[in-house]
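Multiple structures follow.
Heads up, the next two complexes both have chain A, just with different partners, chain B and then chain C.
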Partner chain A sequence: MSDPSLASPPAPPGRLIDLRRRYFRTPVQAAISLACLGLLAWLAWGVLNWAVFSAEFSADASPETCRAGAGACWTVIAQRWRIILFGLYPYDEQWRSALACVVVVAMIVLSCLPSFWSGLRLAAVWVLGTAAFYILMKGGIFGLRQIGEDQWGGLALTLFIFVATCLIGFPLSIVFALMRRSKLPVISHGIGLVIDAVRSLPLLSILFAFAVVVPFMLPDFLQGGRLYRVICGAALFFAAYQAEIIRGGLQGVARGQEEAAMSLGMSYRHRVGKILLPQAMRNALPATINQFVISFKETSLVIVVGFFEILASGNAAYGTGEWTFAYREVYAFIALIYFTFVFSLSRYGAYLERRMAVGTR
Partner chain B sequence: MTSTDQLPTPAVSIQGMQKFYGSFHALKNIDLTVEKGEKLVICGPSGSGKSTMIRCINRLEEHDGGRITVLGTELNDDVGNIDGIRREVGMVFQHFNLFPHMTVLENCVLAPMLVRKIPRAQAEAAAMRYLEKVRIPEQARKYPGQLSGGQQQRVAIARSLCMEPEILLFDEPTSALDPEMIAEVLDVMVSLASDGMTMICVTHEMGFARRVADRVIFMDAGEIVEMADPETFFGDPKNERTKKFLSQILGH
Partner chain C sequence: MSNLWRNQKVRNLFLQGLFVAAVLLIVIGGWMNAQQTMQSQRMISGFGFLHKSTGWDVNFSLLPASANDPYWWFFVIGIVNTLFLGVLGLMLATFIGGLVGLARTSSNAMLQLLGRTYVDFFRNIPLILQVFFWYAFVTRLPSVRNAIEIGPMTLSSRGVYIPALNVGGWYLFAAALALVAAVVLPLWTRTTRRIDKPREERRGMVLAALFGSLALVLALLWLGRLPETPLIDVPQLQGLNMRGGLRVSPEFSALLIAIGIYGGAYIGEIVRGGFKAVGRGQTEAAHSLGLSPWQTFSRISLPLALRAMLPILANQYIWLIKATTMGIAIGFTDFFMIVAVTINQSGQTIEAIAILMAGFLAINLTIAAIFNRINKAIALKGNQLRS
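Right, the complex of A and B next:
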């Protein structure tokens, strides 16, 4: 008899054998696999043919020749990309808007780096980043021409609304979640009511309310600009959902964790900051990334209160008579931009999950 | 009981304590004094209130009547008092309750650094000393999830010791352990006892009680039914309920 401890695990089958086993085990299965393969190839051909093989790539083709072609007309992007990215921002000053985008992206990337995860560093990144963005966009000092928020647009506006919503909404959501756990019923029930009220309204109506209704209710000095009111509305909406996500994460932390921290004499602040929230955030991470992704895409709703973020700027880019036929190309381009940001965000989420899995069995 | 020359402040003094869960009377008129350096073992059937009683001592549960005085400070709604007492009273839990997102060493230095404001280097040196005491210094850089139950419980004991408490409460420290790991935890507890630590242990390890305890308490239905030195307690129990309980847990 051979020594059982010398037995080796079975060798993995080769690629081809594995494929045959999975997809061509029986004649019927083989037929289905081939049919699906054919369908995929047909679709891929269709897309590639439109987007690449028959497409017009020349930057200065006229709309007429472009329209006559069988494929996509990328000329529209080459000629109109400034409107898509910068909206109504004055043409000569668009470098400022571009630079502001770079600032926001740098701010996001830096906040995502673990080496920046201390209160002081994050605060520095955010304060400096926001100030730089604001000065670049708004101007009025350092010899920069002043440009009102009504003229902001495109990618810079989308990024600004997203980042500002998260920067205000995320801390607010933590406060909401902690208030909801309060032992005082006035606080826990009160905040529960607020969260439920905000969640039961569509984001559209909240944005409308903050943009249009709030000016009637608040004295002038409390109103702030319309853009900032809209951001506050979006942040409140974000906080209401994110608070429930964090509350779920907190529920997943064993009761004994807080008791252990209490028995060591740790204060409420330390118990929450060092023991509960780090574990709750780990539990809540997938849902949190989801919420960030949704918020990024929901920035497109600000069009209803008159702001030309990237999607609305895209509408303007093809909406000028000569290029109206090329809406597919513009939307494909905008989709690519959204995809770049959202996909990076979800890959970052996956990285965080791997990183945080350290220490769990 | 220990006796000292000066007039000693008892470690814990409980007078007429009541505890209710809704209308359920969980602890009935508890009177108990524990001197400094004393080792007390509390046993009793599940639901008898023993865990609740020791959890009242560091106010993980609030008592509803009577007085609890710990190291001369009365437990009341004064948050400062409660935090002060918790600094001096360590607790070891049935399910260890180590912080899973931190290494063993971080678990040990967290509270000393945050609560006692001890610098990191000093806190780490102390932590390594206590990890050596519980015979587990080589695991300092690991996470709790990578350790066995017995190792985790020893880390939990070291974590409590790092706060240099006057009193240690043990809430069924070996109940969640596989049998082969119980001994390693009990050995550590015995060595702590010989160092003179004030210990209040809820446990069913009667061998430990016999060997270490100054007094053994039997609780049932929220009352202290019997209290005696281990020899009398095991050799000549007075109360019928105690006799029945002992025959059940020692019977096989």
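Right, the complex of A and C next:
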């Protein structure tokens, strides 16, 4: 005969009781809850009313009627979205630009899947993806018309800068981190100086230096295009920050791991590649994703050194002619694009953090 | 030969030598190439240009500036502008961040949701996009004639006009310093270990420090007031223009709003992290000792949380100061913009970049040093277990 109190757990509190406990425990709490609810509802209504209910959606409304309305004027997006997304890319070839963006998104999604988490697979995805992107954008082979980098623009250029920055910066950051923990004093101190100097400078000044100063210092045959110089600057900045993250991850690996590997007679290459880095990357993963998120947001800074990335093309989309009043719509559109990328990446990072916490508990 | 390569000492020496050689190659090669380029453009390298007058003007300056001033003075102006914007932006961001962080750690789920919405929204949009948005917003305010008036403030497309004090520049500066002292001195007298008196008996000294500094502020303002004018100058519409008051340029207000809001979202997260780091046992113990919620917060949670968040806060402050360089995108004359225009006008590229680096290094190191000092001063003494 079983004890009934053991057999059935206490019933969970009803939803109403739960609600009361969470929001209306005391009069003050109730007042705060109601005030916040009111504020949130007011905000939500304001945004919805502007963006949906009283907005103008038709693609060919004239600016005057659009302006007279109370809500958003999405006509400007309908008429100018090609400029915002593709910049000055030739009209007939813009499908290539769109396809290239899809390639980048696919690349990012693939590298978020745990089954792709090995150095080789990740490298393959990123190198192949970037190559596909480059061929699509630049053309010149497979019967695609050649289109120079100065005509790239909009979202495609933003994504290209981001991808190229990561592709150069990430391996560089591993090299930096390994050099910084090297036992050779000249190397570890020298690279430490470089990393600290880069980290203490604003990214803008580094981009500016690479765009303007480097041509002074390099012989002509080494200069390359301005776009690639700026990407190198961004990659250096990324590497300096990421190197510190990886170094933190390496410090989190127990000393015994390396000592055990040494006592087994493993070479430096194997010690680092098979023992240290996999564990360090695991420690550093949340911070690494955060760093990717930050550097994606910071690609927008290249507008200052004169590139036609998505923000600049957005400025151009509303800055000329009859749409000068429609800055809110254009910025909302661009902000939505950034938000989608950044928010999903950072949610993914938070999910990973939880998932890994389960493993180590 | 292969034996030599197997010798670890030789190998280490060789690797380090290789590294040094590579660095030297880059530096010397770059230097020589730069010299060559400069010579072909008939420019003189070196810092002699600092004493030449610039020939261009700045649109925002706290210090007197004209096109006849030398370059070094313009660099000083740039640093002062950057620091001014940076410090105001940090104060605004800290204020917003404190509110957001408190909302996110409160026990009220609705308030948490509100804080979370704020953080998620503003943190995930690039700062420069927000700067552009606010700049467009501020410059599209109604014209001066139809300006919006909020109390003594006037918002117009030409800038925000706020009441100003008719006080000489240096007196105003000294009064501002005295105002800072009015905050810092009482705190210091309350907490320092230099004064050999228990904290409970220091009340008189704290009050004396507070009121003494405040009296000094008033005295300085009174002494420095300009003759024949009211002390407070309220902006007023006269004809087509605004008279009196202080005009805050659209560039400045856009940057300030953007940095305050964006930084507030990040600092809110830091504040939340700080409170999360306070062990549950601490607050539970406080409750069980019968401390009221306010006492628990002000005596237990806040002091511990503050210590947990200070180091991260220092990094965030440095980041935000560096973010003021985005002013160049909308035309605010900060340090970076002065450097960029200098390069454009004088061609002294490498020297100007070196000055830029030195300037930011100095600012960053100063912030780091201040925070280290605070950190050390308030670090918990002893070795009790605190979790």
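Keep in mind that, in the parts below, the second predicted complex is superposed on the first by the 320 of 361 C-alpha atoms of A that agree within 3 Å, B and C clash if a C-alpha of one lies under 4 Å from a C-alpha of the other, contacts with A are read in each partner's own complex, and residues count from 1 in each chain.
Quick note on the criterion: contacts are C-beta pairs under 8 Å (C-beta built on N, C-alpha and C of every residue); 3 or more make two chains touch, one makes a residue touch a chain.
Keep in mind that this is a model prediction, so the values were computed, not measured.
When both complexes are overlaid on chain A, chain B and chain C end up sitting side by side without clashing.
When the two structures are aligned on the shared chain, A:320 is found in touch with neither chain B nor chain C. Look at A:204: by the touch rule set out above, it reaches chain C but stays clear of chain B. For chain A, the partner touching the most residues, choosing from chain B and chain C, is C.
Once the two complexes are overlaid on the shared chain, A:62 sits clear of chain B and of chain C alike.
In the superposition on chain A, A:270 makes contact with chain B only, while chain C stays out of contact range. Once the two complexes are overlaid on the shared chain, A:218 sits against chain C while remaining clear of chain B. Superposition on the common chain A brings chain B within a closest Cα-Cα distance of 6 Å of chain C.
In the superposition on the C-alpha atoms of chain A, no part of chain A is touched by chain B in one complex and by chain C in the other.
Contact residues of chain B toward chain A in the complex are 58, 60, 83-84, 86-87, 89-91, 93, 95, 97-103, 110-111, 114-115, 143-146, 156, 159-160, 163, 169.
Taken together, the chain C residues at the contact with chain A in this complex read 12, 15-16, 19-20, 23, 29-31, 33-34, 37-38, 107-111, 113-114, 117, 120-121, 124-129, 132-133, 136-137, 140, 318, 322-323, 325-326, 328-329, 336, 339-340, 343, 349-350, 353, 356-357, 360-361, 364-365.
Those residues of chain A whose C-beta lies close enough to touch chain B in the complex are 254, 256-257, 259-267, 270, 274-275, 278-279, 282, 356, 358-361. Taken in their complex, chain A has these residues touching chain C: 22-23, 29, 32-33, 36-37, 39-40, 43, 183-187, 190, 197, 200-205, 208-209, 212-213, 216-219, 297-298, 300-301, 303-304, 311, 315, 325, 327-328, 331, 334-335, 338-339, 342-343, 346.
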